[in-house]
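Per-chain residue numbering starts at 1, and chain names A, B, C and D are given in the order in which the chains are listed.
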Amino acid sequence: MIVTLKGNNPDPKKVELLTTWLEGLAIRTHFIVGQHQTVIGLIGDTSVVDIDLINSLDIVQNVQRIQEPYKKANRKFHTDDTVIDINGIKLGGGNFQIIAGPCSVESREQICSIAQSVKAAGSTMLRGGAFKPRTSPYSFQGMQAEGIELLLEAKRLTGLPIVSELMNISHLPLFEEVDVIQVGARNMQNFELLKELGMIKKPILLKRGLANTLEELLMSVEYIMAGGNENVILCERGIRTFETATRNTLDISAIPILHNKTHLPVIVDPSHAAGISSLVRPLSMAAIAAGADGLIIEVHNDPSQALCDGPQSLTPEAFDHLASDAHNVLQLMRGFKQ
Amino acid sequence: MIVTLKGNNPDPKKVELLTTWLEGLAIRTHFIVGQHQTVIGLIGDTSVVDIDLINSLDIVQNVQRIQEPYKKANRKFHTDDTVIDINGIKLGGGNFQIIAGPCSVESREQICSIAQSVKAAGSTMLRGGAFKPRTSPYSFQGMQAEGIELLLEAKRLTGLPIVSELMNISHLPLFEEVDVIQVGARNMQNFELLKELGMIKKPILLKRGLANTLEELLMSVEYIMAGGNENVILCERGIRTFETATRNTLDISAIPILHNKTHLPVIVDPSHAAGISSLVRPLSMAAIAAGADGLIIEVHNDPSQALCDGPQSLTPEAFDHLASDAHNVLQLMRGFKQ
Amino acid sequence: MIVTLKGNNPDPKKVELLTTWLEGLAIRTHFIVGQHQTVIGLIGDTSVVDIDLINSLDIVQNVQRIQEPYKKANRKFHTDDTVIDINGIKLGGGNFQIIAGPCSVESREQICSIAQSVKAAGSTMLRGGAFKPRTSPYSFQGMQAEGIELLLEAKRLTGLPIVSELMNISHLPLFEEVDVIQVGARNMQNFELLKELGMIKKPILLKRGLANTLEELLMSVEYIMAGGNENVILCERGIRTFETATRNTLDISAIPILHNKTHLPVIVDPSHAAGISSLVRPLSMAAIAAGADGLIIEVHNDPSQALCDGPQSLTPEAFDHLASDAHNVLQLMRGFKQ
Amino acid sequence: MIVTLKGNNPDPKKVELLTTWLEGLAIRTHFIVGQHQTVIGLIGDTSVVDIDLINSLDIVQNVQRIQEPYKKANRKFHTDDTVIDINGIKLGGGNFQIIAGPCSVESREQICSIAQSVKAAGSTMLRGGAFKPRTSPYSFQGMQAEGIELLLEAKRLTGLPIVSELMNISHLPLFEEVDVIQVGARNMQNFELLKELGMIKKPILLKRGLANTLEELLMSVEYIMAGGNENVILCERGIRTFETATRNTLDISAIPILHNKTHLPVIVDPSHAAGISSLVRPLSMAAIAAGADGLIIEVHNDPSQALCDGPQSLTPEAFDHLASDAHNVLQLMRGFKQ
């Protein structure tokens, strides 16, 4: 940690107060006196130092971390890829999976039909929303408990593990047989929810917030892991920028950056990132080429029978085509590694 | 609502399906056939129409709302300013208030001393965090229940109503005597929390999310109001942009824009917006000049006794000076009106 | 074009003024009177209508285009892919090319050595900066005229067409033998420069501005094409967002979006987007998988002899490896098409 | 300058290469060896060190400046406010001015009538666009040379100094009698233009780019000042964010931040920032309250005679009202100082 003081002539009493306090934390200090500024290097385990506290001292101009503030998720202290086991399906560390399913569970027929289609196309997990975070209170909020029931029926029918979003910790009992709990982008910094999910053992799929940095994503992971749950899957799903041609901007660089910073698996949600179904295929291919460990894709049921296809959803046929090509790209990319 | 179809020769069967469905919702349709595109105008109460559903039809290129999607917060249907009564203190509709206090409650002495200082300086409400949303699980998470107790002591001592942040609905019983419940920026779209707060009667101070539009802020208000709680105070506290000279970018335009769109009071948090104590004063003055109904300002206790002043906190003296000048600016601005 | 009026009872005299003016432009108007608002649909060639002018009328709330404001670059009016011929090298319409070379030309040895390396690795064009846009006036501004001379030597040596950035139209005579003129991100809306480049015939490589939408990029293309130069290559090179882990955020979705909106070729600059050399390979692979027509990559010379490798530059060996794998991905992606 | 090396065991030969090179630049180095990382403090005049060059070394993880990279604009080396003299009108250092006028010069009657109105209302300078940067090549590009002629007529009539935008250095001879040359937001990093403007003596009004940081703005100032022209006025005019309720987001914090970093005057353009005329007044008041040295405001001529009022322009009456209240706020703010 590097602390830059204001000017190069700070009040010696205040500086001593600071160094004494740091020594109490077993941190050694190293002074560099420049022409216009004095800088202090902090040596030791600075993860115990509250950066905001130092930053707030009136003699301090700014503080910069050298070490990352996350520990359990940090690749430096855990060099091997983490492999998450989801009811026998492995994700991460070279194990690539496609999770597919509808935005919302709408009926038994819908979810069972889609589950069978996506399984046939090579998807190994089923996604489906029962509790839906909607910007408007007047929009459909999901089938809720009944939706979870229908997902479990589809699971029994196909054997596919299921992934569904939890928005309220009081709903946790309903998720007992859900295989992966999804935390949506809007709840990425709902720290109370994260803490509770740290106390269970089920795999958590944590989506990046619309305006959160990758470091903040890893700090949110840390909330879950610090509680004892080390089964976390990260998901890039697009960030909010000034561009309006897509709903969000898929941050494709997040994949290699996260792989460098953490040992946890990283998947991509091309459907929500773009909000346009014709972009799902190119973004999926790009995600695999950039090294993603998996995809989570929206697939809707027979569009001829529904008014609502979902602007970002694929037909089962389009998904089948995508999944097949995706595996070819994956195969080629694996051949490149050595 | 304006629906633009893809091309100007859409499948007539699909178009009929859409218009029939809309008629069922008591919406009349009006077609405009252009050279390259056909546009449908929807006439009637389009608040019942799910925009995502229309948008998802394969014959549709895009949908644009003409009417705003929020109703209870909408100035159009409620032209008079809402005045919130907080234990006898009025906010909004010409009633300006300054809420002040420390970032976190740290001790009885600290909160009582600050409460007395800010009251003497003209502040009419006391803020203080007992439950703190922190990016890192390793940072201090607040004094929690004990912090609320100390806030209530400061309230009994000074008579100042108190404002404190709620992060978890299960903590609600602890907030029984808290006068205003704050929803932090990171929870602005925690819809489950908003729904629960709609079912109580206590005033809610809803902070704008770091990356949320003003329309999204009003939709989150709508979650609270739709539940029956119409006592909502909006708070602009800076948005996330590319600029790094300030922690966030205070969106000063939010004040007149929100006053135009909603009848609810709008206050400004200059301390969190900038993250730099020397900016609190100019941003406070600017907020009043732009028409804010109040300010919420961080004030810390005697800095000579504390390691941590808070980089964005004012001393009681600086706050006293600011509060006095603030009232002069307010007086002048009021003279300008009509 | 859809004009929404303020309220549904606008001043009839002002409305007539507007419709009369529109009729003079051969635009028919179509009124939709809603409950709260009146909307006017404009039918005809609305590209002649100044949207700002309409928007500025006090009876108007807002104006929305239905048709895109760009014509010559618009895929709707020119469905076939444009193929740019660069001294015999074809780019676009299925012709993929890799442009490679150093950030700045530094010496004869450097540019000639790199030119030979990248040619051997399969690059078909040489890039190199002679005039460098630098944030600081105190940074190296490029070898300028001498740099262009050295690029031309490398061209004579290897036969590779060259791409170099022009920052000042008065330098145009120096670029006579340069094959492609690059317009940098900071000059994307330097309309005076674009107009001048519209009057020559040489291919222009137009980089997207750091904070420009794809529609603005296409409008800047329109400046060049309107002047008569239809040889424009678009380049996505990352946009400015809140994320700081990468220098910019590569907008991978720009590739399929641009292919949908325009017939012009779209290439990607992974080196500048990320600003980190280890990201060049995954971003290059992703760009090809998303359908890019080419790549422009920074390659530096022997790092053991230079203090400066460029944080975003590849060694010739790394580039050779990347170029070979890139062609395999391209081959696979082509096989998917039918 | 602080250089963080990768790991704490870097190649000693490469480290020596670096330190030897730095010593050649008269920079002393100071090593701090931490548990996981080694940091080098650079002491001396680091403004001569190319940060990109250091950053690019393969042993280097990152480089952080302690000193600001701008010198001539830096408040640290020039503590007194700079006062710009514009034909006898002083701006900065306590001298507040309002520049007003139309977006574009349209006719002799228009510009002369507005000039007289704004002078009567207390404006001390006249603005007017003759060369207009327009996103579309099909939009009106301004009256050009004739527009400058008309501005000069208005100047002769009223005695008001004039401010007008230059987009192309070849137009400079036309600007001989223009008092202040404006560089628009899109040209803030048109370094070739800035260099040329550094070689004249006329005051330059430099607008912040839509996506440029305050540090980048000061570096662009440095291009002008390094050439010898120290008469630079900075202008905040809104930045590009995700919010769509306003055209841009006025960064009100830019005013105190810039006053802290530089001695140059800072003015605000509320008209372009918001793009909505009803926001011009509150944003103007806020700008003064935050300490702006001036305002630049769009005022249009008689709206009853023109189709185009400009969505962001005020009527002469509204401007008169604003200017009068602005001076009252200014008076109050001045009373607060010391």
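In this text, contacts are C-beta pairs under 8 Å (C-beta built on N, C-alpha and C of every residue); 3 or more make two chains touch, one makes a residue touch a chain.
A quick note: this is a predicted structure, and the numbers were derived from the prediction, not measured.
A.B. asks: Touching subunit A and subunit B alike: which chains?
C.D. replies: Both-contact set = C, D.
A.B. asks: Greatest Cα-centroid separation from subunit C: which chain?
C.D. replies: B
A.B. asks: How big is the gap, in whole Å, between where the Cα atoms of subunit B centre and where those of subunit C centre?
C.D. replies: 39
A.B. asks: So, what's the distance in Å between the C-alpha centres of subunit C and subunit A?
C.D. replies: Roughly 31 Å separates the two chain centres.
A.B. asks: How many angstrom lie between the centres of subunit C and subunit D, each centre taken as the mean Cα position?
C.D. replies: Result: the chain centres lie 27 Å from each other.
A.B. asks: Residues of subunit B that contact two or more other chains, please.
C.D. replies: Correct list: 211, 240-242, 244.
A.B. asks: Can you list the subunit A residues touching subunit C in their complex?
C.D. replies: Touch list, subunit A to subunit C: 211, 213-215, 239, 241-246, 249-257, 260, 273-274, 278-279, 282-283, 285-291, 325, 328-329, 332-333, 336.
A.B. asks: Can you name the residues of subunit C that touch subunit D in the complex?
C.D. replies: Its residues touching subunit D are 17-18, 21, 47-48, 50, 52-53, 55-58, 69, 133-140, 167-168, 186-187, 189-192, 195, 209-211, 216, 219, 222-223, 226, 240, 303, 307-311, 313.
A.B. asks: For a test of understanding, state which residues of subunit B touch subunit C in their complex under the given definition.
C.D. replies: Subunit B residues touching subunit C: 2, 4, 30, 32-37, 39, 41, 43-45, 64, 66-67, 76, 211, 240-242, 244.
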